[in-house]
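Look at the two complexes coming up: chain A is in both, with chain B in one and chain C in the other.
Entry: the complex of A and B
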């Protein structure tokens, strides 16, 4: 077991180094960071929201959009690079199981996405902290209540986003394990992410008693087989209105995220074992 | 059979995870008011999808609002304007700005657009005009009510609803109720309590107006830094016009005599309205 972990971590380390050197990662990383930093400059164009919400939303958007693109493309790219360059053959000829190989790939890519989330969340925290302090000062001068901004909530949101990206990486690995081409893996992976983001629609329908019989059964299956990625988008509530998140919500969300990661990695391993390289 | 076993196992695993995620979503959903809004469905194909998916909700809401505002300025596409403005509200239901302006646009403007579309004020009979204006005012009120719920009872939104009820629907009782709720809300506008009492008074519910205003003054307004002297003056006028015996009136405040226009009250000569204050009740 210890040796298996060691081998997986070795693969993870190589994958991490390979991913972090990619220009694609650097490009999206810089774009995301620039977006967060630019939010301070474009906040004058906002109306209808509190300033902090506008700033926070830029950060949340960057984490969601660029994180998802990175999760899908980088996973498929790094997986197929091993297959296309035949390095997977060499690696798997060693005492390295396919499950260990996939676990290593997952951990390496997830670690890179962790760096992405950490840096963007830190930049966002700095922007929010700076502006929240200014607004609190103004509120004191005008005898108003200071705006609510919970940076601990931001840390929780960042960890939720990292977990969401983990689910995406595991999902794309499962698709890539069965796919023949990089393009197919990217397209199907992206569609799976989109379906996951919109999965709540079927869940909403399921809650309505009007749906019965075959339709109900199909909806039930759909909601229980597709991951619900919308449940990780608790940023507004966690950062700007922490009282809206009821007790016990976060442990359930974390638990379901970890369960999805494990389930998709099991599926990926099962599919990869059946695959001829 | 044996070959199908792993697939059955995987299926069972995903179902188990799905049941777990179902429980998780039921809890998480309560913190996501933007989710599941029917108003977004017709606009999803018009660039609103990103906002529905996750991040950039405020940015998408801003752009949606601008598009709605452009149509509002043209004054000829009622359905489009309402659709986009409602989509902005749905994308960010906590924003007072969107609810307030959408409610006002529907309640104040759209009835007039409809009259103009049907040929103008000279051509459309007065009864139809009134019916249209009232109908759109009601629709605006529904939007404002929805906004009040979504923003957790925003005081300014309550005051806007009170204004629409008073000016467009000519419903003073309803207006007074909104003003009363605005006065009792957090960050209440300074005029809300006075207007609530004034509208109840104008509707003929004079005693009720005084009792509520007095209780509110004692509970809230009196605690303000200046003791809310204008509201007290209004209450004194009400006491005078209701011909309340001295013992039933608010006790005289120590600082009251130094107020400009202070008139000592007695039980005598209360038939004429007071020379000072009381303007909002006329």
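Entry: the complex of A and C
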């Protein structure tokens, strides 16, 4: 077990080094950071919402959108780079199991996404902290209640987003393990992420008594097989209104996220098991 | 009890499905081979004859359609068997952002070399392939010959009992090919079994103890190099200072004994020998 972890960590290390050298990663990384920083300049266009919510939504949007794109494209790209460049041939001829290889790929890509989430969350925390302090000062002068902004909640939200990206990476790895081309893996992976984002709709439809037979079965499958990626979006509740999050919500979201990561990695290993390299 | 052969292939068949209709293409057809330990074994054949597919099945990279394969007495698809095997694939590609030394170190960790032995194993492998000076350079800057040599280093860094080399001299100039030949001989001297797939038949003849020739997925010939190349019905005499009179006398003597002199020629050296003689010391550094 120790040797298997050692090998997986080496695969992860090289995958991480390969990923951070990609121009695509640098491009989305800079774009995401620029979006968060730009929110300070355009906060006057807050459309009547709370200014802090406007800033937070910019940051949450950047994390969600660019993180998801990075998760799907980078996973498919790094997986197929090993297959198409035939480096997998050299690696899998060593005493390295396919499960260890996939686990290493997952950890390497997830670590890169961790850096992405950490930097964007730190920038967002700086923006929110700076503006929240200014608004609190104004509120004191006007004898109003200061706006709520919980930076510890932001750290929790960032952890949730990192876990959500982990689910996406594991899901795309499962798709890539069965796919023949990079493009197919990206398209199907993106569709799976979209379906996961809309999974709550199937949950609601399933509760309606009108759905019977085949439709009901399809909804049941969709609801139980696909992760509900929407459940990780607790940003507003965690950062701007912390008391709204019920006690059992966070452990449930964390546990289900971890369970989906494990399930998708097991599926990926099963699909990759007899693939011809 | 005798030790199991280095590789034992029994009735191996491998079919690929190609196209949308899944048309069956037989790459290897009922192949049986036994590769003894401690020898250099040449696996020869034209492109598409099933050599590389056979090697991939041996290494567990491709599942067999039928038949059994074992490495050193172990089922070939097991990690334990692969831990005792080194592999250099055809036209190897490595991560360009790693230096040669980093690549070999990475492979050492994946191959199960104990952490406290890794650095010594890396240096030993790099020295064996004569890349010590260039080992700090990025792999992306290597020439083809150097890539093959660093590929060899990653294949042998864990000191495997069996080394499988798929076209190690492809695209390499004669000097580089000769260097690879010397490395193979050094491995044999250390008691390793080397399986060599190559189109450089001259080199195969020089370094291999046994050869197998495949065509259209089937084994067409197998045996010791000396045996399969020898023509036992003919003889060659190499004579120094042969005068016309001596030649005529020798021919008459042969005829008197019922033999026939069929050709008198000068011995030739190979172009490779001539090239290596002229281009000495040149390396692709």
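Heads up, the rule we're going with is that the second predicted complex is superposed on the first by the 272 of 277 C-alpha atoms of A that agree within 3 Å, B and C clash if a C-alpha of one lies under 4 Å from a C-alpha of the other, contacts with A are read in each partner's own complex, and residues count from 1 in each chain.
Operating definition for what follows: contacts are C-beta pairs under 8 Å (C-beta built on N, C-alpha and C of every residue); 3 or more make two chains touch, one makes a residue touch a chain.
If you're wondering where the values come from, they're calculated on a predicted model, not measured in any experiment.
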Fit or clash between chain C and chain B when superposed on chain A: fit
Chain B versus chain C as contact partner of A:276, first or second or both or neither: second
Which of chain B and chain C A:230 touches, first, second, both or neither: first
First, second, both or neither for A:137, with chain B first and chain C second: neither
Which of chain B and chain C A:181 touches, first, second, both or neither: neither
Chain B versus chain C as contact partner of A:256, first or second or both or neither: first
Partner contacting more residues of chain A (chain B vs chain C): B
Three-chain overlay, vertex chain A: chain B-chain C angle, C-alpha, nearest 10 degrees: 170
Which superposed partner A:18 touches (first chain B, second chain C, both, neither): second
Distance in angstrom between the closest Cα atoms of chain C and chain B, superposition on A: 16
Intersection of chain A interface sets (partners chain B, chain C): none
Chain A to chain B touching residues, read off their complex: 45-49, 53-54, 57-58, 60-65, 144-145, 194, 197-198, 200, 203-204, 223-225, 227-231, 233-238, 241, 244-246, 248-249, 252-253, 255-256, 259-260, 262-263, 266-267, 270
In the complex with chain A, residue positions of chain B that touch it: 6, 10, 13-25, 27-32, 35-36, 50, 52-59, 61-62, 65, 88, 92, 94-98, 186-187
Residues of chain A that touch chain C when the two form their complex: 3, 6-7, 10-11, 14, 17-18, 21, 85-87, 89-97, 274, 276-277
Residues on chain C engaged by chain A in the complex (per definition of touch): 16, 56, 59-63, 79-80, 82-83, 85, 87, 89, 91-95, 97-98, 106-107, 109-112, 151, 154
